[in-house]
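Down below is the structure, laid out as structure tokens.
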Amino acid sequence: MLELKKIRVQFGDKQVLKDISIKFQPGEIIGLVAPNGTGKSTLMNVIMNYLSPNQGQVILNHELQYSSKANEVKIHQGVSMMPDQSDLYNHVSGKNHLKIYQAMWNSNPKLIEDTIVQLGMESYVKKKTGTYSLGMRQRLCFAMQIVSDTQVMLMDEVMNGLDPTHVELISQILLQKKAEGKTIIIASHLLENLEQYADRIFFMKTGELKLVDELVPGFTDNKVTTVRVSNFSQEHLEVFKKQFSGLHVQTLPSGKTLIDVSKQDTETLGSITQYLIAQQLTDFSFGKLTLNDLYSMEYQQK
Amino acid sequence: MWAYFKWEFKQFFTNKKNIAVYVILLFLGLYFVLKVAPSYEPIEKVDVAEMEARFTTRDDFIKSVEGKDNIHPSVAFALAVFPQWNEYDRARIDAINEKDYLKYAEATAGWYLYSDQLTVNGDSFFYNPLYYTYGNNYAHADGHYGYGYTASRFTGYVEGSSELSMDLFEERTALQTLQRMLNDYLPIVLFISCILLSVDIVLKDRRNPSLLKGFPISDWKKLLMKGLVAFVGSILSFVPLYVVLIAIGLQNGFGDFSLPVPFYSYIEQNFTNMTMSTFLLKNILFIGVWFLFLIAIILFLSIIVKAEFANLFVSFIIIAAEWFYFERVMGAYSDIERYPTSYVQVGQVISGYRNFVYQSPDLTYQHGLTIIGCCTLFLVILTLIVSKFKRFKLIA
Amino acid sequence: MRSMLKTLFIIERTDKKNIFACLIVALSIIGMVVYANATELGNPIKEKSIESLPAKVAMNKFQIVDASEYGDGSDIYKNIVKQYYTYPKQGMALKTEQPELFIETAIELTELRKQAFEMDDYDLVAVNLPSKIENEMDSYYYQYLKENDLVLSFGSLSFYPFLAFLFSIVGSVWFVLICIYASNIMIDDFRHTSLIKGYPIAFTKYVLAKCMTSMGIVFIFIIELIVCSLPLIYFKGLGQASYPVAVFNGEVTIYPIYKYIAVSIVYMICLAVFAILLSVILNVLLRNVYLTLFVQIILVVIPILFPSLIKLLPFNPFNYVNFPSVLNGDTLNLETPVALNSNAGLVYLCISIVLLMAVIKWFLSTGKLQKI
């Protein structure tokens, strides 16, 4: 288990992380969502101790803290971060990179072959990484971390540069690792993909971690909560708001209008539908709030 | 293309390593001005005491044996040659005392010619003892060269219109110091700076490939511009030299561009003079061609081997190669004049000294220019061909 | 630690630079073997035949007078005349291959020179004669040969003497070569920070492993030096490993060749460790290969440019980086003569290594690798 206790990071006057306290459990995938420059990487760097927080502790398995160099080594034995693809050794083959990670973490050598097969890297893994494409390098970096087989894995933008097939492939491996009891913390901008496998998703805003379920109660429930309408013009919207005065209506910067119907009965839903059709606004759907919507609401609202 | 040149140029002069090279050159220059130049002791210096001692010894000898019968042939020989020799020495001593530099130059030129004639083929006399240092097996030849050189130089002073002075006679003025440095290690220092300045000019781009790959200009032109920037940068390594020249000029005078610079012709076995300006221009031209040669090597290696280490190694080998195979008079039995590396001592090639130590008639300035120029051209063409290959990528 | 070494091994063994460097070392040594073989290096007949010329010149600086024992010539003049007439004897000994006579005349010469140093007007002929220390070393060498009844070899260098020669040549540039080789030891890592920072190993240990790997390659270089010289055994034979070499370590003594080689190897190892540690520090401080190299070379060159510094700071490890010249007593010929002790040099080097290690340890516990 990884615990963060009152982590605070300050650059000058700017508080990047505000007293973050949180626990990550084994067998859990955590999603971190935030625009660039809001402190995701800072948080990961604090967890790895690449950056010392102004205040607060990182605690692994209730006891280990970054209190000495020896402890740092012990924590790194259990916590790893995915390498940057620009940091690969161009003159060394992919397979040797995997061997390096296996040797450094002293993990099961069998993992190397397994991971190569799982990620479909057989055809090129023996070539020098200098010849790899962006996607190949990204897969190798991911494979390296899988081979290190640490208890906690931090992944920053793991899906960068991957095609949909490989995104799916990696998602499967993540789920498998979760089943093995790993704690995986992922920062990603592929929000729909993240929704698929993440157990908890946090938004980072003004230096704080906000669980989406707390931002929008019932976000993860399987229930129709929202009507999403495209191209709702301003005049129509005004009329609509007058007619259904009890409803919470919101237009996102992306152009979508969201009508909150989570507390409404089927009758109201029916009349909303009728109204929309009457106004010839046929591009609408019933469903739940997506992460994309939420992202738009949280970060793109003026 | 011009924009790319400016971009590379800016990169070149903000490169920490390049700034360090210029700073080190400046430091070396200052060391030279403060420490090396003041301790310069020419072998052929203007030393009245030495001349008088020589004069008196010979005069005493002549007086002691004159008129005697039955003298040993070597004494007879001495009697025959000493009076003329003493005449020259007398004239030199008088001229110095009267501060008549023109007369001194005339007598000195005569003295050296005469001494050389007497010494070169016989074993009765020796050149200035300073040539005969321990371990120098070619001291006699060096003495011959030194005397011929000095005679030619003083003849030049007599025929020329330069303002004469003691510093000038001992080659201490700024331009003469430069001339001496060019005959010494200055070209090597400049070549090493050129190598250090241009060694990473291509390979540095590998650090930001995505940024630079996409510039809308062909690889070949990029290489050309890089070469040009490296060349301009190398030429600018002359700047610390000006500082040295000015500092020395203020102390010992600057000299002028019409000063004679003796030039040895192996075929005619004698010295003729060229003017200082000719000598310097030839040097600048030759050094420039060498710069181009070294840059061409670095560009070519950069696209073939793609390792800075290799650039450094190969270009240093080119500079140092002569040191490995050099042996006096080897030109007589091997064709060292065909290797470009034999021309690395640019100043000595131009003044004919290399020619003299190698005893090779073909190791000349023109020959050197042709060889280095051809090698450069060949490398540039190779680079062009390689960069036109479809598979070639400048930045991998 | 073992896994770290394994990792570094994987990385270094395919690094072009290492392959290149090993090849170059091998080629240059083979080149030297060929050169030594072709030019009859060390053949005394070739090398001694022209030694008499400077003595003749020295003689000519004096008026010709009676040089017999009670003649009216000055002492130094008589001395030089005697020296001059010893040379033909020596030449004869060489041509007729009479080692005893050769050694005899050689000792005679060194004795004459020794006397000359004390005489008036010695300055007049100083440039024409070997320096005091050169003469003393010669003297010890020939005395040793005589006392131990060793046979002087008239041929050119065989394997062991060649090794001694090779180590003295390589040794003089060794430090600079290793500096060049190691100048990017940490710089390269700045481009792989996200890998290295996460390794579950303390950073000091990482640096240690890194230095050990570099030292491994240095050992390969040293082994290459010996292995690539082996062909000389075929051409010139093995030679005697116990043949004497005159060295200076505060005073002139005789080392057998194997001891000379052993001292050289110890020096080379210490210098390599020193160069590598220095590179680590400078890399972290300056973050640029060339600046690292420049600083190292400036540190080496400063005592050469300002010889008075050597006397002022005899414990400066950079005085000893050209250890063959220290073993030759060359520093006694400087403007400000100073007797550097080669054994003390080793001690100073070791102290410097310990200090550097302490600095690195302290340095790395406060700062970490940052991306450049």
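Each chain gets a letter, A, B and C, in the order it is written, and its residues are counted from 1.
The rule is short, and it goes like this: a contact is a pair of C-beta atoms (placed from the backbone, for glycine too) under 8 Å apart; a residue touches a chain by one contact, two chains touch by 3 or more.
Bear in mind the structure is a predicted one, so any value in this text is a computation, not a measurement.
*Asks:* Using the contact definition from the top, classify how the chains connect: line, ring, star, complete or other.
*Replies:* Basically the chains just string along in a line.
*Asks:* Could you name the chain whose Cα mean is nearest to the mean of all protein Cα atoms here?
*Replies:* C
*Asks:* Can you work out the whole-Å distance between the CA centroids of subunit B and subunit C?
*Replies:* Here subunit B and subunit C have centroids separated by 30 Å.
*Asks:* How many angstrom lie between the CA centroids of subunit A and subunit C, rounded to a whole number?
*Replies:* Chain centres of subunit A and subunit C, defined by C-alpha means, are spaced 62 Å apart.
*Asks:* How many angstrom between the C-alpha centroids of subunit B and subunit A?
*Replies:* Subunit A and subunit B have C-alpha centres separated by 69 Å.
*Asks:* Could you say which residues in subunit C touch two or more other chains, in rising order?
*Replies:* Those would be 16, 191.
*Asks:* Check each residue of subunit A and list the ones that touch at least two other chains.
*Replies:* There are none in subunit A.
*Asks:* Under the definition above, what is the set of subunit C residues touching subunit A in their complex?
*Replies:* Residues of subunit C touching subunit A: 3-4, 6-7, 10-11, 14-16, 191-195, 197-204, 365, 368.
*Asks:* Using the touch rule from the top, collect the residues of subunit A that touch subunit C in their complex.
*Replies:* Interface residues on the subunit A side: 48, 50, 69-70, 72-74, 76-77, 80-84, 86-89, 91-93, 96, 99-100, 103-106, 128.
*Asks:* Quick one: which bits of subunit B touch subunit C in the complex? Just the residue numbers, please.
*Replies:* Touching subunit C from subunit B are residues 16-17, 20-21, 24, 31, 35, 57, 126, 129-130, 132-137, 139-140, 196, 207, 305, 307-310, 312-313, 324.
*Asks:* Which residues of subunit C touch subunit B in their complex?
*Replies:* 16-17, 20-21, 24, 31, 50, 53-54, 57-58, 60-61, 63, 127-130, 180, 191, 288-291, 294, 298, 305
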